[in-house]
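Right, one structure below, let's go through it.
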Amino acid sequence: MALQVSVIGAGTASPELERLAEQVGRLLARSGCTVVCGGLGGVMAAVSRGVATEGGTAVGVLPGESRAAANPWVSVCVATGVGHARNLAVVASGDAVIAVGGAWGTASEIALARKLGRRVVVLGPMSPVAPDEGLTLASTPEEAVELAVAAARHGSSRPAAL
Amino acid sequence: MALQVSVIGAGTASPELERLAEQVGRLLARSGCTVVCGGLGGVMAAVSRGVATEGGTAVGVLPGESRAAANPWVSVCVATGVGHARNLAVVASGDAVIAVGGAWGTASEIALARKLGRRVVVLGPMSPVAPDEGLTLASTPEEAVELAVAAARHGSSRPAAL
Amino acid sequence: MALQVSVIGAGTASPELERLAEQVGRLLARSGCTVVCGGLGGVMAAVSRGVATEGGTAVGVLPGESRAAANPWVSVCVATGVGHARNLAVVASGDAVIAVGGAWGTASEIALARKLGRRVVVLGPMSPVAPDEGLTLASTPEEAVELAVAAARHGSSRPAAL
Amino acid sequence: MALQVSVIGAGTASPELERLAEQVGRLLARSGCTVVCGGLGGVMAAVSRGVATEGGTAVGVLPGESRAAANPWVSVCVATGVGHARNLAVVASGDAVIAVGGAWGTASEIALARKLGRRVVVLGPMSPVAPDEGLTLASTPEEAVELAVAAARHGSSRPAAL
């Protein structure tokens, strides 16, 4: 199985953030990674589009019970039916996580990712979360992908205590 | 996005059921369907193996928080972290569902699939669930796949009331 | 903590099933049990009303994110936000389970309850699930409550394999 | 139904944080609020103990499938079976939320609470989350409870966009 990197961010995003997310998607696909995201719009659509452009696999993990909500660039779709609790599935499915901007939903994903021991790379304006040793800031899509792929290869996961 | 068919069944299964599941996986992959399953052993591993043999995409939707539990034939992995509640994600992600044998876990998936309006085709010894108009019995993997693909194409989904 | 018994059934029910459910609620409350249900209408509302009439505690475990959906007889409300996956929480929270009629949603709860090793007592027209050694039929609310309370006291739970 | 206030914090906590949490529990119970928490140790046990001391209702919303993990001061127990996704249920069930210290788990709950529009009052050393207009700092248990009860009465909930 390929490495999997989760990309998180808001469902509505500025053109600048979408541009960053699309580039992240392109670079991850070129690196041979499967990309996991929340499957909806904004950053999720932009990263999926970047992946699709390079012929990669973009997995959309949706909150609802229907695949109809997925953005058109997703190639595999998981309709979880568990609402915001799908945020846990999004980050647990990545060997590492890249956050592109984001607000409270993204903040919950960063926190859950860190709870599970996943390395998180934050690109763009800092999300409302303080850095810790497993949370790194990146200045460019290239740097974000390089850091995330290295973390995913290294295997950052550890068992989580509830 | 390709049609998605979910295949459900027990984590430990007889050689006969595994043979049926593997054949279901092969046939679904040849039909161009993405196959969604629970990602673990037994029927889930057998169907994933069948898909992999044909170069298809097998998505494993795991109950735990780690990809390490996935069987080796899964090509995309979603670690949901929500335990048995991942059964909902498994069936919601399919445009139609095929059950190969199974016990209480599979019965819960059949019931959730019907609750969501998904068509279910049951292959092998009948699961502990009574047929209704959306639940069909099949005698062979060929018949099961034919019925499921037709149902998936037809679009069996309807909005679910909670 | 008091014994907890979960009562499951459809969100719309016949007057006869509602009468049975209300009586089950009364009897469980008189037995000192906390009653857990799905918190909505039909059988869930009827059992909550029965509990409230006797001054007992009825816990509503809702699918949505808002307490506003709870029926007015619930005294404690848990808004899970996980949709149909709350069915797992409903049955896991009971030391034993009573089903009053029901369709596919209830069938999924019975199956999940049995998967977790909970004893299930079925009252009223049989749900679409086959009996096993942990699933008993009852003819009256009195018999259902007697069987469920005995099972709850005995401690029917065993660890569940995913 | 009584007002419900959710109290969140880490499963292992300093004596000082536990003292604060216990006092929060006492004050909420005296205010007639039902208290919802994660049902385990540390801050969750301390707040439950405070509630029990005053004869109030402490609801433990557990990650696992068994009630056996609940702390002994919980009076109603919901075993969700959905792991860390129960964090969503904990905060969704409160009309307002009080955080007593906490790390990444608590940060995920604060973020989910804000995503759902719940007012959050933070007591003790600031959690790793930046304040916004719906997130207030409190210096004492008295102040935290006063702010939370006022927010709960005012009805801070609004529909959440996924």
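First chain written, first letter: the chains are A, B, C and D, and each begins at residue 1.
The definition used in the following text is that a contact is a pair of C-beta atoms (placed from the backbone, for glycine too) under 8 Å apart; a residue touches a chain by one contact, two chains touch by 3 or more.
Please read all numbers here as calculations on a predicted model, not as lab measurements.
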{"item": "Which of A-D and A-B has more C-beta pairs touching across its chains", "value": "A-B"}
{"item": "Relative to chain B, chain with the most remote C-alpha centre", "value": "D"}
{"item": "Whole-Å gap between the CA centroids of chain A and chain B", "value": "26"}
{"item": "Between chain C and chain A, distance of the C-alpha-averaged centres to the nearest whole Å", "value": "39"}
{"item": "Chain D residues counted as touching two or more neighbouring chains", "value": "65, 81-85, 88, 116, 160"}
{"item": "Sites on chain C touched by chain A in the complex", "value": "65, 81-85"}
{"item": "List of chain C residues in touch with chain B within their complex", "value": "11, 40, 63-64, 82-85, 87-88, 104-105, 107-108, 111-112, 114-116, 128-130, 132, 160-162"}
{"item": "Partner chain A, residues of chain B touching it in the complex", "value": "1-2, 4, 34, 36, 57, 59, 61, 65-68, 70, 72, 74-82, 85, 88-89, 92-93, 95, 116, 157, 159-160"}
